[in-house]
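Okay, so here's the structure we're looking at.
Per-chain residue numbering starts at 1, and chain names A, B and C are given in the order in which the chains are listed.
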Amino acid sequence: MIFLRRRLPLLITMITGLLFAGQYYVPHPASEWLLTSATKWLQIIGGFALVLGVTSLFHQHAVKIRRQEAGWGYSLVLYAGMLVTIAVGLWAGGKESLDGSMTAFGWIYSYMMVPLQGTMFAILAFFIASAAYRSFRARSREAAVLLIAAVIVMMGRVPLGEYLIPLSGDVSQWILNVLNASVRRAILIGVSLGTIALSLKIIFGVERSYLGGGKE
Amino acid sequence: MPQPVSVTDMDATILGAWMATGLTLFIFSFLYQDNPLFKLAEHLYVGVSVGYTIVKAYDTVIVHLIVKPIVEEGQIALLIPVAIGLLMLTRYVPRAAWMSRYAFAFIVGLGSGLAIPRTISSFVLKQVEDTIRPLLFQAGDGLTFSFNLLNPASSLNAVIILIGVSTVLFYFFFSIEHSGPGKIVARTGIVFLMIAFGAAFGYTVMARMSLLIGRLTDLIEFSDVSYGRPTWWLLMLTIAVLVLLARRVPNRPPDLH
Amino acid sequence: MTFSERMLKIDRRIIFMVIGLCTLLPLLYPVGLPIKISPEVRNVYEYIESLPERSVFLLSIDFDPASKPELHPQAIALLRHAFRKNLRVVAMTLWVSGTGMADQLMKQVSSEMGREPGRDYVFLGWSPGGSAVIINMGQDLYTAFPSDYEGKPTRGIPVLEGVHSLKDVTYAISLGAGNPGVEAWYVYGKDKYKFELGGGCTGVIAPGLYPLLRSGQINGLIGGLRGAAEYESLIEQKGRAVAGMDAQSATHLAIIVLVAMCNLFYFSLRQQKGRG
C-alpha cells in the first residue's frame, strides 16, 4: 500500500518532470505532440484546480452558518451572492453579453463585481499615504537613500513633477532603466536559480510537501 | 459615440449605477471605521466573485473544453485529464484523499519539467548575457566609451549595471558576516537595493493612486442627473447609517492611528 | 505632548481626507499639464505603426477589475491604435475574472472603430491553465481555444486565416497585473515561438520588468496609468488616463509633502529628546 500511496506519486512526478524538462531540447514531432497533449490536459485540470480552490471557502462559511457563530449573517450574504450569481450565470449560458446586449450575469459582473473588487483595492491608496506619513522616516543613511529615490521617482513620473523640476523626469528614467534594472536583474537571476533548485528537488523527491500530509 | 439604448437597457444602466455607487461607498465607509455596511459589501464581493468563477469554469471547462470535444468530435483521450481532475477532488473524501496525490504529482512534475529549461533560457542565460555582452562590445570597439548617463545603452550605464547585478548577488548569496573588501561590495549592493526599493515604492504609490482615481471617476460620473444622482443620495445614506451606528455603539472608539 | 509628537500621532482620517481631496479636486477641475512620452511607451507605439495592414496582433488582457483603472485605458488605447492600423486583432484573457471586462472592451472599441467580429477581430475568451495555455497556443491555437467567447468554433473564422499557432502572430502584448502576465508570455511564449512581444502592466510590477526591457525580451513597456496616458497622447485620442494625470500629480505631491512633514517632525522630536 505504501507503494501506491507514497512511492508511485513520487515516481509520477519524477517521470513527468524529467520527460518534460528533456522535451524542450527535442524538437521531434512526437515530442511536440506530447507537449501539445500535456498542456491541453493541464488546461482541463486547471479548471478542476480552480473549483477545488474556491470550494474550501464554501465549507468554511457553511460551518459558520450551521453553528451560528458571530457574523454568520454575513456568511449568509456571501452564500446568497454566490448562489444568485451561479443561477443567473447558468441562465445566461455563462455569457456576460449575448448578441451585443448585456445579460443579467453581465450586469452582476459590471455593476457589482467590478466596483466591489476595484474599490477594495482603491482604499489601499489611503492606507499607503497614512503608512508613508507614519513610517517613511530617514532613520539611517540607507533609509535616506530609499526616501530620496522614492521622491525622485514620484516627482519624475507625473506631469506636475516634470513641470516643477524638469530634470526629475530624466533622473527617474535613469533610476528605473539602470539602477533599478540592475537590482531587479539580480533578483530575477537569484529567484530563477531558486525556482530551478526547487523544481529539481521536487523531481527527485527531496521536496514532497505538495503531496500533503495524511496517512501513508 | 454612445449607442442608442432601449428603455430596458437604460433602466438596467441606471439601476446598475445605483448598485455600483452604493457598493463603492459601502467599502469606502471602512475608511471611517469598520462597520456592517463594509462587512456586507465585503462578503457580497467574495460571494459574487466565487459564483462568477464557478460559472466561468463550468462554461469554459465543462462545456467547451470537455463535453463538446468529446461528444461532438469524439476526442476520447480528453477523459484522461478529466479523470486526473476528478482525482483532485478526492481531497474531500478522507478515506480516498490519498488518491489526489496522483493528480498533484502529475501537475507538479509537469510544471517543474516545463519550468526548468524555460527559466534557465529566459531568466538566467538571457539576463547574464545582457549584463556581459554590452561590455564585450565596448571592449571590441576599443576606443569608444560613452559616458552619457541618459542613454540606457551607454558604456557607463553598462558598467553600472554590472556593478549593481554583481554586488546585489554578492549580498544575497554570501550571507556571512561581511568584512574587508566584502563589506564594501555588500554595502554597495545595499545602496543599489535601497534605490530600487525607493523606485518600487514610488511606483506602488502611483499604482494605488491610479486605482483611487478610477473609482472616484466613476463616482463623479454617477453623480450626474441622468442617473438620478446616486452618488449624492447614497453618500447621504451611508453617512446617516454611520452616524446611527456610532450612536448605537458609543463605547467603542475607532482605531485612529 | 509636544507639537511634533501630536503631529506624528495625527488621526489617520485627516490624511485620508487630504488624499481624497487631492484626487477629487483635479478630477473636477482639470488643468491639463503636458505629458512627456517615455521611450519604452514610444517603442510599442512605433512598432504597431510599422506593422503592415492585416498583420496579426494578439492582445492578452491579463488583469481583473482590481487593476481596471490602470490597464483598461491601456487596452482601449492599444485597440484603437490596432483597429486604426487595420490589424487583425486576436484578444483573450488568462484571468478568469477579467473575462467580462475584456468582452465589454472588445465590443466597445470595435463598434466605435467600425470593426466587425470574425472579420477584423476575435475574442477567444478565457481558458484555465495559465502558462499551459500559452504553450498550447504556441503548439496549436485551435487546441487551446477550440471555440471563441461566443462559443463559435475558432477554426474557419476569417480573421484567423493563416494563423495556426503563436508562430503566426506578428506582435503580441500582454496587459498583465501579475502572474500569468508579461513574464509568462516571454518564458512560455516568445522564448520558443519567436513572435515580437510588448508589455503593459500595473505600476506595482512595472519596475520588475525593466530587466526584460533592457535585454530586448520585450520591445516596449506601458507602465500604469501614466503609461496609458502617454499612449493616449501618442494616438491623439485622450481618454480616462490623460484625465487622471492631474489627480495623479496632486496625490504624488501630497505624499511627498506628507513624507517631508513626517521627517521634519521626526527630526525636531529627536533634537528635542537629544537636548532633554
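Everything that follows uses one rule, which is that contacts are C-beta pairs under 8 Å (C-beta built on N, C-alpha and C of every residue); 3 or more make two chains touch, one makes a residue touch a chain.
Here the structure is a predicted model, which means the values were calculated and not measured.
Asker: Contact counts by the stated rule: is the higher one at A-B or B-C?
Answerer: Higher C-beta contact count between the two pairs: A-B.
Asker: Farthest chain from chain B, comparing Cα centres?
Answerer: The chain lying farthest from chain B is C.
Asker: Where the centres are mean C-alpha positions, what is the separation of chain A from chain C, in Å?
Answerer: 16
Asker: So, what's the distance in Å between the C-alpha centres of chain B and chain A?
Answerer: Inter-chain centre distance comes to 6 Å.
Asker: Taking each chain's centre as the mean of its CA atoms, how far is chain B from chain C in angstrom?
Answerer: Averaging C-alpha atoms per chain gives centres 12 Å apart.
Asker: Of all the residues in chain B, which ones touch at least 2 other chains?
Answerer: If we look for residues of chain B contacting two or more partner chains, we find 31, 49, 52-53, 56-57, 60-61, 65, 114, 118-119, 123, 127, 130, 152, 161, 196, 199-200, 203-206, 209, 211-212, 214-215, 257.
Asker: Scan chain C for residues touching two or more other chains and write them down.
Answerer: 12, 16, 19-20, 23, 66-69, 96-97, 99-100, 127-128, 132, 135, 192, 207, 211, 214, 226, 248, 251-252, 255
Asker: Can you list every residue of chain A that touches 2 or more other chains, as numbers and ranges?
Answerer: Chain A, residues with two or more chain partners: 24, 40, 42-47, 49-50, 95, 109-110, 113-118, 120-122, 125-126, 128, 132, 134, 147, 150-151, 154, 157-158, 173, 176-177, 180-181, 184-185, 187-188.
Asker: Going by the contact rule at the top, pick out the chain B residues touching chain C in the complex.
Answerer: The touching residues are 1, 3, 31-32, 49, 52-53, 56-57, 60-61, 64-65, 68-69, 114, 118-119, 121-123, 126-127, 129-130, 152, 161, 196, 199-200, 203-207, 209-217, 220, 256-257.
Asker: What residues on chain C touch chain B, complex-wise?
Answerer: 9, 11-13, 16, 19-20, 23-24, 27-28, 39, 66-70, 72, 96-97, 99-100, 111-112, 125-128, 131-132, 135, 146-147, 151, 186-188, 191-192, 202-204, 206-207, 211, 214-217, 223-226, 240, 243-244, 247-248, 251-252, 255
Asker: Under the stated contact criterion, what part of chain C meets chain A in this complex?
Answerer: 8, 10, 12, 15-16, 18-20, 23, 33-36, 38, 64-69, 96-97, 99-101, 103-104, 107, 127-130, 132-133, 135-136, 139-140, 143-144, 149-150, 192, 207-208, 210-211, 213-214, 226, 245-246, 248-256, 258-259, 261-263, 266
Asker: Across the complex, what residues on chain A touch chain C?
Answerer: Contacts found on chain A: 24, 32, 35-36, 39-40, 42-47, 49-50, 95-97, 100, 106, 109-110, 113-118, 120-122, 125-126, 128-130, 132-134, 136-138, 147, 150-151, 154-155, 157-163, 169, 173, 176-177, 180-181, 184-185, 187-188.
Asker: Would you mind writing out the residues of chain B in touch with chain A in their complex?
Answerer: These residues of chain B touch chain A: 9, 12, 15-17, 19-21, 23-24, 27-28, 30-31, 39-63, 65-66, 77-78, 80-82, 84-86, 88-89, 91-92, 97-98, 100-120, 123-124, 127-128, 130-131, 149-150, 152, 157, 160-166, 168-169, 172-173, 190-206, 208-209, 211-212, 214-215, 218, 257.
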